[in-house]
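First chain A sits with chain B, and in the next complex the same chain sits with chain C.
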Partner chain A sequence: MEDIIFLLILLGITYATGSIIEKRHYENIRKREIALIKKPIINFGAKKWNTNRKIKKIELVTGECVISGDYFKNFVASLKNLFGGRLTTFESILDRGRREAILRMREKARGANFIINTRIESIMINDTYTKDSVPQCAIIAYGTAVTYE
Partner chain B sequence: MNKDLEDKYLSVIEDNVNVGQSNAVAEFFILIAGIVGIFILLYIFADKIGCFFIDRMSDKTQMRIENAFSFGISPKMFEKTDNTKKLEAIRDKIVPLDKNLQGKSKFPIYEISEKQINAFVTPNGTIFFTQGLLKEVKDEKALTFVLAHELGHYAHRDHLKSISREIIVGFITSIFTSQNNNNINGTIYGISDLNGLTYSRKQELEADKFANKVVYKLYGNNDGAIAFFQMLEKKEKFPEFLQYFSTHPSTQQRLKLIQNGR
Partner chain C sequence: MILTNIESVPGMTITAQYGLVTGSTVRAKNAIKDFGAGLKNMVGGELKSYTELLTEARKEAIARMEQQAFRMGANAVINVRLATSSVTVGAAEVYAYGTAVKVEPKG
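For the complex of A and B:
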């Protein structure tokens, strides 16, 4: 009985803190995305890049981000594990991770005109097969920043 | 960049299709309700199967199972006190009344030092009374009722039923949670921790009925039992609706049962 009460309290607290943190993170992401809407432009496709203009600088830009789910999210996901279905609580984490990583990459390339050949990858940081692995989402975005003269 | 494209990007930022719109809390409650439902069905299923086989079991098999569960309670650990001698005298009066109690366990009675008001019977028929109970209850009729209640559990084979239920439920849950093998060990420990065995509320009521009959046969009335439950009722601080979370029926309900039934 005490275990259940403790669990419910923990779930309530982590739900509250998790949703506050997520809301603030989304607001932050939205603000930064709007600020960066014009420059630099990201190009995901081209392997070759042809231009007639003179190029001042070419450099590798990267953005990384690791986000973990809160206790409540992990709990709901582990329950879903039993019945199956979309892990909707983890969808927001992946979305936040991807957007944060791309934003960091673009912030790194501030002043550049283009980021060409951008790639997004997810990486594994902890060992997911051990008992106390932390459910997390690690995303790395990288590309080549091109600055015209 | 032209204006249209800028608007398009803005709308992509505002309108996020990658995140599910469902409410996590609602999802949580639906999932919990599903799991609780599954467990209730599982318990009912396990209960039915266990009762079916155990009611048809011969006394010989019962003794064999009980001997397997005589888990290291050495009588030397507990001394005979005046209280236990008194209880043993009552026990010797109760046992001849029911043929389900005869020729099986010898029902040794021991006293354990705990403040809580409680008494319980282990699978091999050993009965424990807490010191808290013995301190509060001096009346012989009330003690007869408590003892007859515990013997009623034994006579109805409730101990075997709850063991079988725990084993079936434990087995199925260990399949559910078999990602790490510790769970199976945990389940086995949980089953072997027989002091924590609980009976269902229906079984408790049946045992109360049994005890009530015994008290009537011995004394012709059940005043002692009623007084005992009234004392318990005064001591209880829980509101009645909490009974759904506990293993025993509420004291009020039990009081009503023994007042009406005989």
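For the complex of A and C:
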């Protein structure tokens, strides 16, 4: 009985903290994405990138993010796993992580005209999947920033 | 040193190529930060200390790759790729590789 009460309290707390953090994070991401809306990023240009304009600067830009879910999300996902279907709680974690990493990369290249050949690399750090371990995802986004003269 | 992850350096011509250069690093944070991250794991959100760890690892891997290219006499590395893998919990490996080349401005 005590175990169940403890679990419920834990779930309640982590639900509250998790949803507050997620809401704030999404607001933050949206604000920054709107600020960068005029800066295009593209993921082609690896083979041949030709332009007639003079190029001032070329550099590799990267953005990193390590994001984790919370206890509540993990609990819901483990229940959903029984029936299959979309694990919406995990989708939002990965979505936030990717967008954050891409935003960090774009913010480093503020002066550049655009970023070409963007790649996104992600990996689960916590691969020992047990009931108590929460997925942690490390994401690196990188690309080449081109600045015209 | 010019780094790009495309197969050329725009505005420049490649005059010589020296082959593949690589750089890798495995880094871990201390136990206190691991414990902090474990707590953060319960409530959710970004793990700042691990993000920092990943940034440091990426910088070091790229620096090692650059050093190797520099020793060969190259002044640019093209087609750079970054790969990550997890060795154990709390440690991150970042691996950077690319082709060392010598470039000259066009015209």
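Everything that follows uses one rule, which is that the second predicted complex is superposed on the first by the 132 of 149 C-alpha atoms of A that agree within 3 Å, B and C clash if a C-alpha of one lies under 4 Å from a C-alpha of the other, contacts with A are read in each partner's own complex, and residues count from 1 in each chain.
Basically, a contact is a pair of C-beta atoms (placed from the backbone, for glycine too) under 8 Å apart; a residue touches a chain by one contact, two chains touch by 3 or more.
Worth saying up front: this structure is predicted, and the values here are computed from it rather than measured.
Judged by the touch definition given at the top, the superposed model places A:33 against chain B, while chain C stays out of reach. Taking chain B and chain C in turn and counting the residues of chain A each one touches, the greater count comes from C.
When the shared chain is aligned, chain B comes close enough to touch A:92, but chain C does not.
Of the two partner chains, chain C is the only one touched by A:143; chain B is not.
By the touch criterion defined above, A:62 lies against chain C but remains apart from chain B after alignment on the C-alpha atoms of chain A. Once chain A of one complex is fitted onto chain A of the other, the partner contacts of A:76 are limited to chain B, with no touch recorded for chain C.
For the contact definition in use here, the residues of chain A common to its chain B contact set and its chain C contact set are 72-73. Residue ranges on chain A touching chain B, taken from their complex, read 1, 11, 15, 30, 33-34, 37-38, 41, 72-73, 75-76, 79-80, 82-83, 86, 88-89, 91-92, 94-95, 131. Of all residues in chain B, only 1, 6, 9-10, 13-14, 16, 18-20, 22, 24-25, 27-28, 31-32, 34-35, 176, 180, 245 touch chain A in the complex they form. Residues 2-11, 37, 40-47, 50-51, 53-55, 58, 62, 79-86, 89-90, 92, 94 of chain C are the ones touching chain A in the complex. Contacts from chain A toward chain C in the complex involve residues 10, 13-14, 17-18, 21-22, 25, 45-51, 54-55, 58-60, 62, 64-73, 93, 100, 116-117, 119, 121, 123-128, 134, 136, 138, 140, 142-144, 146.
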